[in-house]
């Protein structure tokens, strides 16, 4: 069996060159492409996610790891049959209408990606209609809404109401977060959950998709 | 418009560099003098969970009225020598300038009522939100966004604002990227090149409006910049030393407001204001422990060392057992100010300042760079730079040097990861060419248009190259 | 049970009478020493709007768990040398002692977790609510109410409480009537006769339980008494001088806990604790500006002069922008304590104490009677009394005398109405006979049974007559 | 016409003896008993209420005035035909179940009495059933509920619900107050109003009974 330790470590280090070298080595050794991705690349990324969660890695380091992982995946992709690559589910994420706060939402997206979810980040100031369109287009399973202002958090409610109106509320789980958000507010507007930070968001998504 | 040059510090004596006193105090028409010896409470407030639109505007206005009544009544009861109220307008109240004007009128109306009835002195700082971002922005200095910002400034000034302020965001998207990647050169480009240019254009306009409306152009803060770093560092997402260096770099950008004619007091959430005070003598507002309602802090006490106004940053109008939160917070601020002012009256202000500094300085590099002595030393280096670009670069390198020697002297705690990043940032700095044009060319080539679109900034490459 | 006698002050030197230091520090098993030189934050918290019953208990417990997690995590982050958490049980958790015990277990569990994981030192004060009132009360010292109070104390102690405390209410209905009518003799009867006797009976039991459970009997406050006056005076419903005199009178009652074996730290909301400290050397918790979340105050800073723990009184678990309110308040308390402790380390504690006093002393007689010098002078008079009755009477007359001379010396502001009431209270005091039995007989004759029923108190008239 | 100034002033002073002397004087002068009460006694008390509201009188002074007014009324009462004495409406007041806080509620009661309302103070720890019974018994027009604990304020809601169940919600106005209470909470539980202090409570009651 191929030893993936070196490859995983290169991902953890965020060492692009090393990752590419190790992936090529594995390919030459005829290792199953899916194993390269799941055990080698994503395996390393899972460690990164864990270490970030316990404050053992900084965001720039996580981003470097993610970039190197993606570089590795690009090398393997041509060897895969169509549709063979899977993920743990698709998350549509964005900051709600009227609110331009970006970074907190991006961090949650980053952590979700590290944990093997597919993330569609719509950006900021997103209307209910835009969220709905993205869910439909990408077969989203989770809708993650962010708001940092007390005066925009009610846009979360409108977005959930739009889901109901479109008859798709049962097909999607809605999670919310941001400085003024609380579990109580989440209950009030009928969201499926609230997360206080990026790590909690990952756990919440995992739980909801079980 | 002409630009002031600050090539030496306003302070040469550390013993004069202290809270409540500024070399260039701001004298207001009601007799309050900011930086004239008294630290004043500056209370900041915001709406509870609610929508702002045409329909809800009456409710919005009555919320503001209720909050200001509570605040003024408490300030009168506790015999505050004067208060400052800051309203940071919410986006819809800048997108619709007339709403921002209505808020100003209601707030100032209550303040006037308490002055007439009880003699309570108060000043109103209107902070217009910088809406120049988002999908529909076409240009930074013309079109709907710019026009609304300018209209809101003028409207608020005419409606009775005493101070105009903003937390401007030119170059912010570049900086967001820099923070996420701990990319100091990119932060430098955002702050020292793009940000400073944007500040000049924006503040020329604000100073002009102020002159025409008999209002005071107070200042800017790098809230969208260094405070983003601060929050990220606080969550352990990035090294604290990045946030500390970023804070000092931001000083050069924030200073541009004063170069273009702002006279203070600088805004509360700009902790870099201490550098502004050192270099220009402008009075500053600061926030610390009593802003925990808005965000946790590692500079809870040290932030007060040089404060001329003392603020709670922001609190929503929610009910606590002791009353509505804005009323609760003005009370806390008033008592905080009493401690500082009584210490001054007893001749113990310097000792109080040093206690406040010693309280926090050791535990976080972000606190360390707010120590008055450190501020003077680094400021002395900054003013040696000839351009904003140079000054921002010096700010970074001087801060790294200061932190390194402080660590060696046991004056600040830095763990191995933080120290590693000091090395990394030092290396990053060395890659930056001395030629601003060369640097700019490189950065633009390596930025995507969604982070920085030179065309929207009228970014004249030739001007940089000169 | 034997009673300690305090016939002279624990302090003879004003320079030793200061925050953080108590003549009889309380040494705790985790190494924290209350009154041993460090002022510790003591955070108090309560539930948001919710019902407490069998069904909601899981939610109640998870609310407490969430709050304590937030608090401990922040205290660890800000490197607090230790914290105290006070839980004032809500009535249903004393009516159902097992619920109070469950709360204790959950809270202590989280505290232990943070000690084990991070070494965060913390102490838990469980304050049982005194439920001995209401329509169904049959007797103060037997029957359901008493039994539940005692069971709750024992249960909380066994479940891990470090300190036991209560805000006992024996004689409170008499006092309510006294406040509404500004009737000093009635207040004296409530506090110095009925209250002191009730305290002795109650505290003998608490001290016994503490000894058996290896818990610390900490103290009582006159919350239902002097704090009622304080709130009424704050609303201008009664003269401030009544509240000030009442505060000092309460000291004699609160002191009984220590006479019966309580060792401190005395509870936060008992501002009369400063007298307790002066007379017995017991460390005390105090609350001031950072308790504005619970009530507005005229003693925001002066309350800290002699504090060994510094508290926020009470805050609900509601969300503010910066986080849940209990977490916000522990942060503020930690920074407050840093200021005081750093001043001590720099040898400036006395100056800091005097700044805190000068901050408020002048503006309200209730603040004036908390000034350390004033406290020592009045305490010196109080201990001359041979009985609780005598001492309480002296407390009143000495306070009146002190306020009068302070006013004459320009040390405290009193308007004409306040001065008029000083005269009124002086006259009221003169009507009180020197003989306690005679006084008691008169007061009982002039009280209705719903305000004071001697039978429910086992009030032995012969014992008084002796 | 009889000059009521002396009588009113005696009420304002809270001077029992003087009030009784002046009332006797008026009776001897054959002054209309209702005028003695309304112009002399209640007239004085209205001034007291106003002065208390602007912090010009303390509670003990108001109570003394109220006592002297009542002493005066006792002297006049025998001269009145049954039912001739009127009031501005009856207020049932109490602290809700589970809550033993007394004084704030008593102050509101006191101020309402000063303002000419009839007040039935049920005391503390009052169940919905007890409130309902008191409304029925006294033909109450206003139900004033007090709570000082975050954990008892929901008893206000149960009390209002009980009014609805008993089919009497439309016959009574419910007002609430106490430290943790806000207008928002009042709206939430469907009360008719919230008052932040005793003076505001009087204004609210007057407005609701118009």
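Letters are used for the chains, namely A, B, C and D, taken in the order the chains are written, and counting of residues starts over at 1 for each.
Simple rule for what comes next: contacts are C-beta pairs under 8 Å (C-beta built on N, C-alpha and C of every residue); 3 or more make two chains touch, one makes a residue touch a chain.
Which protein is which chain? UniProt says A, D = Corrinoid protein; B, C = Methanol--corrinoid methyltransferase.
The structure displayed is predicted, hence computed values, not measured ones.
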item	value
Touching both chain A (Corrinoid protein) and chain D (Corrinoid protein) (chains)	B, C
Greatest separation from chain C - chain, by CA centre	A
Chain centre separation (chain A (Corrinoid protein), chain B; CA means) in Å	34
Euclidean distance of C-alpha centroids - chain B vs chain C, Å	41
Euclidean distance of C-alpha centroids - chain A (Corrinoid protein) vs chain C, Å	52
Interface hub residues of chain C, defined as touching at least two other chains	46, 48, 316, 321-322
In chain A (Corrinoid protein), residues with contacts to at least two other chains	150, 180
Graph class of chain-chain contacts, one of line, ring, star, complete, other	other
Listing of all chain pairs that touch each other, if any do	A-B, A-C, B-C, B-D, C-D
Complex contact set, residues of chain D (Corrinoid protein) against chain C	55, 58-60, 63, 98-100, 102-103, 106-107, 123-125, 149-151, 153-154, 180, 185, 197
Sites on chain B touched by chain A (Corrinoid protein) in the complex	46-52, 90-92, 133-135, 176, 179-183, 228, 232, 235-239, 316, 417
Chain C-facing residues of chain A (Corrinoid protein), complex	150, 179-180, 182, 184
Sites on chain B touched by chain C in the complex	46, 74, 77-79, 288-298, 300-301, 314-316, 318, 320-323, 325, 327-329, 331-332, 334-336, 338-339, 342-343, 345-346, 348, 351-352, 354-356, 358-360, 363
Residue ranges of chain C in contact with chain A (Corrinoid protein) within the complex	48, 319, 321-322
